[in-house]
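Here it is, the structure, as C-alpha cells.
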Amino acid sequence: MQRAAFSKGFIYLVLIIGSVCMLLPFAWMFITSIKSPGEVMMMPPVWIPEDFKWENYKEAWSMAPFARYTINSIIVTVLSTLGELVTTILAAYAFSRMHFYGRDILFSILLGTMMVPGEVLLIPNYVTLSNLGWIDQYQALIIPWLASIFSIFLLRQFFLGIPQELSYAAKIDGCNNFRFLWTIMVPLAKPALITIVLLKAIGSWNSFLWPLIVTQSKEMRTLPVGLTSFSTEAGINYELLMAASTMIILPMIILYFCLQRYIIEGVAKAGIKG
Amino acid sequence: MKIQLKELSMKFDDVLAVNGLNVHINKGELVSLLGPSGCGKSTTLFMLAGLYKPSSGEMYFGDTLVNNVEPENRGIGMVFQNYALYPHMTVLKNIMFPLKMAKVPHKKAEEKAIEMANLVQIGHLLDRKPKQLSGGQQQRVAIARALVKQPQLLLLDEPLSNLDARLRIEMREEIRRIQQEVGITTIFVTHDQEEAMSISDKVLLMKDGQFQQYSKPQEMYDHPVNMFVGKFMGNPPINMIPVTFDHKNLSIQINGTDEKLKVTSKLNYELVSGNQMLLGVRAEDFVLEKLEGISNSFSAKVDLVERTGRDTLVHATVGNHAIRALVNQDFVVKPSNIVKLSIRKNRLQLFDAETELNLVLGKE
Amino acid sequence: MKKFVFSVLTVLLVFALAACGNDGDKDSESKVSASSDSSSEKIKTDISSPVEIDFWHAMSGNHEIALQKITDDFNSSQEDITVKLVNQGSYDDLNTKNMAAAKAGNLPALTQAYEDWMTNYIDHDLITDLTPYVTSDEVGLSKEEVDDIVQIFREANTWDGKYYGMPFNKSTQIMYYNVDYFEEAGLNAPTTWDELRDAAEKLTTEKDGRKIVGLGLENSTSSQINQWVLQAGGNYLDEDSGKFLMNSPEGKEALEFLNGMFKDGSARLAGEDGYMSEPFARGDAAIYFGSSAGIPYVAAPAKENGVNWAAAPLPKGKQAATAFAGTNVAIFSSATDDEKLAAWEFIKFLINADNTTYWAMETGYLPVRYSALEKKEWVTFTTDHPEYGVGEKQFDAGFYDPRLAGAYELKNAVAKVIDKVFLGELTEDEGLKSAEEAANKSLKK
Amino acid sequence: MIQKPTFTSTWKALLYLLPALVILLTFNIYPIIKSFIMSFYTDYDFFKDIVYEYGLDNFTYIFQDAEFWKSVVNTLVFVIGVVPLSIVISLGIAILLNTKIRFKGIFRSIYFLPFVTSVIAISMVWRWLYHTDYGLINYSLGLFGIEKIAWLTDPQWAMPAIIIMCIWKGLGYNIIIFLAGLQNIDQQLYLAAQIDGAKPWKRFMNITLPMLSPTMFFISIVSVINSFKVFDEVFALFDGKPGPAYSAQTIVYYIFEKFYNEWEFGIASAAAIILFVIIFLITLIQLRLGRSRIIY
C-alpha cells in the first residue's frame, strides 16, 4: 500500500515537472510582455513585475499594423479552411465510394507526392502565381492551399469505414450520390472533418514561409510574417516582442482549449491510421 | 407485383456469381433465396434492387423490364443485413428519409412514418438514435423504413443473421406477420434452411450461382431434386447410404452388406447412369423394430442413443455406414443392440451416384 | 507497404518520363546579348496622362516615416505623378522580390538597390540606363547639378560611363563611444588601431553585475571585413581583374587584430541582440562601430537610459577606410516610358538638396550633394548634433563594395568563413586560405 | 463487393475530383516535376526562361560542396538528436499518463499545447529564453552552478538549442499517439501476465513494448521524415540565419539559401532531389527493419 502511494507520488512529481517545462516558455512570454524595459533585463529575473505594463500590448499593436495582419490571417485561415473542406469532401468521396479508371494509380501518385519536401514547390509555385498575376493578393495566400492530399487521405480512410450498405439503402430510398454525400456521409464524418478543419486552421494561422514569399506590401502580410518584420523593428525590446508573440499565440491557445478534445482525438486517429 | 427473371446472370471478373437464373414469383408471395454463403443469393437480391447491373438476362417487375431502371425508381424497399440505419438520424428521421427524398410534404411524411412505426411496434422509440436501440428494434426500424414508401417489392438481405436465437424466431414471425398484413411481394435471403422453411411461400435454392430447385418448402423437403438439395434441407441431415441397384428385381443392396430392400417408388429411368446409387432417408422416416421378421427391412447395430426430450436420436451402423434415426421416445434401446430398420412408405429417395439426381418420380 | 513503395516508384517514373520529354527543345537558341546601345535612345519628356508608380524599398521605422514624408510632398507638389511606397521587408527580401518579380513580369518602376545587385540587373537587362535622362535638355540635370552629387556616390552608380542609378540612402561606418565611460577612464576617442585596442581593453569591465564590453561590433562585421583589410593597408578584391586579394599579410593583420580583441573579451559581436545599437545605448558597450544610419536608433534609447555618447570617424590602421553602404535608386526597364519619366522626376525630387538634407537629418544617412553640406540648416544641425557630421568627414576615406556580378555570393561565402574565424572554429591562416577558396569558387560560377 | 469502373462512372468521379485535382496538379504535382527537370539545368536564364544546357553539373557541384555535406551532417545530427530522445521521453510520459491518476486530461492538454502554437512566435520566445545574459535557461543553469552557455551564438551549442526546442514542441504530438496506442492494448494481456507472475518491468518489456511496436514504428517514420525537413525553426530561432557561422544549416536551409539568396535554381533543385532520395532510402530501410521487428 505504502509503495503504491509512493509510486503514485513519483508519477505526479514527474508529470508536474514535465508540465512546468512545457508551460514555462508560455508563462515567461506572458510575464515578459507586461514588464517594464528595465525589468526585462534584470538579473535575477523578475517573476512578478512591479506594475503590469499592459500598455506594452498597445505599443506593440501600434508599432506595426497588427490589426491588418490579424484581419489577413483570419481571412486566409477561414477561406482556405472552408475551401479545403469542400475539395477534400468531394475528392475523398470519389476515392472511397466511386469506381473509375485509374483510381488506384492516381491515389498512389498523390500519396507519393506527400514525401516530397514542401520547400521544393515554392519557386515553381511562385512563378505560376505571378504568371496569374496573383502575387500580393489574397488568391496567392489562399488558392494553392485549397486542397490537401493528407486531408483527402484522412477523410477517405474515414469514409471507407462507413458501411457500404448505407449508400445502398440511401440509393433505394431515392437519394442520389451528391445528396447522399452531404446528408449522410458528411454528418457521419463529423469527427474526421473537425480534425481536418482544426489541423488546417492551425497550420494556416501559423504558416510562415509561403506568405513571406508571396506577399509584398505590408497590407497583405499575415501575423507570423508581420511578427518577423516587427522583430527587426522592435530590436531587443523583448517586452514588445513578447507582447506581439502573445497576441499571435493566444487565439490558437483559446481555440485549442475550446476544442482540445477534437484536436487530440483527431491527431490520435489521424496518427494511428496514417 | 409479380417478378420474373429470365436467364439472369452476373459475372464479376472471372467469377460467375449467378448463372442463368429463371424464376417466376407471384404477387404477394414471400420467397426465400436460400443457399450456402457465396451461392449468389445476395448478388441476385442486389440485382433485383438495382444495385448491381446484371451481365445478361432480363428482370421483369410486373410487365416492365427493369434492367436499366435505377433503384429508386423500381418501387422497392430493402432491409440490409446490418440494417444500414443512418446513425446520425433519429428513428423517426430514418423512417421519413425515403419520403423526404420523394419530396413528400413534411407533415404527411411524418404521419406516414409514425403509422409505419406503429405497424412494426416501435412507435414509442421515435426520438431515439439507432445506437440506443436493441438489435430487434433496429430491425423493426429498418423494416419500417423499407415499407414506408409503400413499395411493390420488399427485399430482405439476411435480416435475422445478426440477432440471437430467440429474437431470431420472434422477428421471423414478425416479418411474416407484417408481410401478410401489408400483402407485399417479398424476397428474403437467408442461409438458414429452417428459417426459409418456416417463413416462405416458396424457396429458391441456389449453389455456386446455379439454380437448384424452386418450390414450396415442404415439397423441397419431401422431394429434393438432387443430393445437394436433399442434404441442405433438414436437420439432422438426411442419411445417405451407398447402395447397388438391381434393375431386374427393382431392389437395392446396401453396399458392403447382404441387406436388400425392395423399391416400390416409381423411378425415372432416364436419369439412371449405372447401378451405383445413394439411398436417401430422413432420420424421422426410419421405422425401428426390435423384432426379427419384418419384411423389407435391414439390421443395424446401435452405437449411441441421444435423448433430447421430445425425440430420441439413435446412431447406428449398417455395414460400415453410420446412420441416424429419430424414434418414438417410448422405444427403449441400448448401445450394441441389433435393431431392424424399415422405411416409411414412399419416404425414400434414390440418387444416382454419378449425376446426383433424384431418381424417384415426384408427384408433379 | 508494398503498395506504398510502388506508388513512390510510379511517381519517380512519371518524373523521369516528363524530364525526358522536355529537354533539348531550347538548346538551339543562342544566348541573347545583354548589352544595348542606349545613349542614343530617345526618351519621353512629358507625361501625357496621370501615372502611378510603385517604389519598392526596405526602409523601416524612422527611415520609412521620413521617406513617406518626402514622397507625400512629391505627390502633392504636382498632379500627374503618384508614387506609392511599398515596403518589402529587409534588403535581402527586396532583392529576392525584385528577382522574382522580374521573372513574373510585375516589377515596379522604382527600387532601392545596392551596387552589386545593379551589376546583376544590368547583366539581365533589368534596369534602365539613366544617362539619357541625366543629359536630357528638358528633364535632365545641369553639369553643375551632376557635379554636385558626391563623387564617390556618382562613381558607384556608373558602369561603362553610363548612369544606372542615383545615390539615395548612403551611409558610412562611424564610431560611437560612451562619453561617460571615456571620461571616467580618462581616455580620448581613439584615432588609431593601437588606441582603439588600448581603449577597448581598459573599458571592458563589469559594473553593477553588468558586463561592459570595450568594443561592440555588428554581426555583419564579417561581411564588412574589407573595411578592416583596407585599414590594414591591404585590398579585398580587385574589381577590374576580379581577383580576391584578402589572403595577404594585411588581411591576416586585420583578422588577427579583430580576433585578438574577441579572444580577450574586449570586443564582441551583437550576437543575439541583433544590432549593437541597443546594447550600446544601454551602456553595455563603450565603443560601437555602426552605420551612420543607426544614429536615431542609438539616440532615442540612449536618451531614455541616460547614456551620454558621441561619434567620431573610424580609427585608422595603416590608412583610413570606411565602407560606404546604403543603396541607390534605379528604374526598371520594364516600366513604360511614362512610368520611367515619372520615376526620374521622383528621383530628382528625392535627391534635391533640400530633400537629401531633410533625409540626412532625420535618418543619419549622408547628404548625397555637396551643396547640401553647405546649407545653413545642415551646418546648424551638425553643430548641434556633431554625430551627424562625422560621415561627411570620411568622404575621402570612403570606398564602396566591389560591384562584380556574383560579388554578393562572394561576400557571403567569405563572410561565412570569417565568421568561423571569429567563432574560433578556424585559425586566421586557415580562414584566409578557405576564404580565398570560397571566393574563387563563387567567382568561377 | 466488386464493381467495375465504367466510362460514365469515371466521368462522374472526375467531376467530384475536379476542384481538388486542379489545385493539386497545379500546386503540387507540376512543381515537383518542374523542380526535377530544373535539377538538370546547368545553364539557365531565369528571367527569359531559356535553358541553354542540361546536364549533371548541379549534382557534381553539390557532391563537391563542403557546405552541402555540412548541412547533411547537421541534418543527421538533428534527426539523431531529436527522434530517439523525443520518442523515449514521450513514451515515458504517455505511460505515466496511462496509469490511474487524476487530472489526466489537464496534463495531456498541457503537453500538447506547444503543438498548436506558431513556430515563428514561439521561436521568438525561445530566442529570449536562450539569451546568454538575460535568458531564463542560463539563469536556471546558474542556480546549479553551471556556467552561462552561449546557446545562439556559439556554433557548438546552436544544434543543441534547436534540438531542445524541437523536442519541446513535438513532444505532445508523440504523446497523444503513444497514448492512443497504449489504450489499444488489451487489458486482459496484463491480467494474464500478472497471473503468470510477471513483475511491472517484465510486463512493460513483454507486453507494452511489443504491442506498441506498430505505434513506435509509425512515430519513428513520421518523426524522421519531418526532422529531415526542418526549416522554420532554424529560420526563426536564429533570426533568418542558420545559426552562427552556418552551424545549424540543414539540408532544407541549404536548398532555401540556393533558391532565394543565390538564385541557383538548378543546384537548389538538385539538392531537393537528393533530400527526397535520402528520405526515401531511409524510409525504405525503416520499413525493412520494421518488418522484422514488429511483432504483429
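Should a chain be cited, it is by its letter among A, B, C and D, assigned in written order, with residues numbered from 1 in that chain.
The rule is simple: a residue touches a chain if its C-beta (ideal position, glycine included) is under 8 Å from a C-beta of that chain, and two chains touch if they have at least 3 such contacts.
Being a predicted model, the structure only gives us computed values, none of them experimental.
S.K.: Under the stated touch rule, with chain C ignored, which chains end up grouped together?
M.R.: one piece
S.K.: Which number of steps is the smallest that gets you from chain B over to chain C via touching chains?
M.R.: Minimum step count, chain B to chain C: 2.
S.K.: Looking at C-alpha means, what's the farthest chain from chain C?
M.R.: In terms of C-alpha centroids, the chain at the greatest distance from chain C is B.
S.K.: Which pair, C-D or A-D, has more C-beta contacts?
M.R.: When A-D is set beside C-D, the one with more contacts is A-D.
S.K.: Please work out the Cα centroid separation of chain C and chain D, and write it as a whole number of Å.
M.R.: Chain centres of chain C and chain D, defined by C-alpha means, are spaced 37 Å apart.
S.K.: Based only on mean CA positions, could you tell me how far chain A sits from chain D in angstrom?
M.R.: Roughly 16 Å, centre to centre.
S.K.: Nearest whole angstrom, what separates the Cα centre of chain B from the Cα centre of chain D?
M.R.: The mean C-alpha positions of chain B and chain D differ by 60 Å.
S.K.: Measure off the straight-line distance from the CA centroid of chain A to the CA centroid of chain B, and report it in whole Å.
M.R.: Between these chains, centre-to-centre, one finds 57 Å.
S.K.: Could you say which residues in chain C touch two or more other chains, in rising order?
M.R.: In chain C, the residues touching two or more other chains are 8, 11, 14, 90, 96, 103, 274.
S.K.: Going by the touch rule set out above, which residues of chain A reach two or more other chains?
M.R.: 41, 43, 109, 113, 115, 213
S.K.: List, in ascending order, every residue of chain D touching at least 2 other chains.
M.R.: 3, 32, 133, 239-240, 260, 280
S.K.: For a test of understanding, state which residues of chain B touch chain A in their complex under the given definition.
M.R.: 46, 49-51, 70-72, 76-78, 80-82, 84, 86-88, 97-98, 101-102, 145-146, 149
S.K.: Taking the complex as given, what residues does chain A use to touch chain D?
M.R.: Result: residues 8, 11-12, 14-15, 18-19, 21-26, 28-29, 32, 40-41, 43-45, 86-88, 90-91, 93-95, 98-103, 109-110, 113, 115-125, 128, 143-144, 146-147, 149, 152, 164, 177, 202, 205-206, 208-209, 213, 223-224, 227-228, 231, 238, 241-242, 244-245, 248-249, 252-253, 255-257, 260, 263-264, 267-269, 271-272, 274 of chain A touch chain D.
S.K.: Taking the complex as given, what residues does chain A use to touch chain C?
M.R.: Listed in rising order, the residues of chain A that touch chain C are 37, 41, 43, 105, 107-109, 111-113, 115, 126-127, 129-131, 133, 135, 212-213, 216-218, 229, 232-233, 235-237.
S.K.: In their shared complex, at which residues does chain C touch chain D?
M.R.: Interface residues on the chain C side: 1, 5, 8, 11, 14-15, 18-19, 22-24, 26-27, 29, 31-32, 90, 92, 96, 99, 102-103, 124, 126, 211, 269, 271-272, 274, 409, 412, 416, 419-420, 422-423, 425.
S.K.: Please output the residues of chain A touching chain B within their complex, sorted ascending.
M.R.: So the residues of chain A in touch with chain B come to 163, 165-166, 168-175, 179, 184, 187-188, 190.
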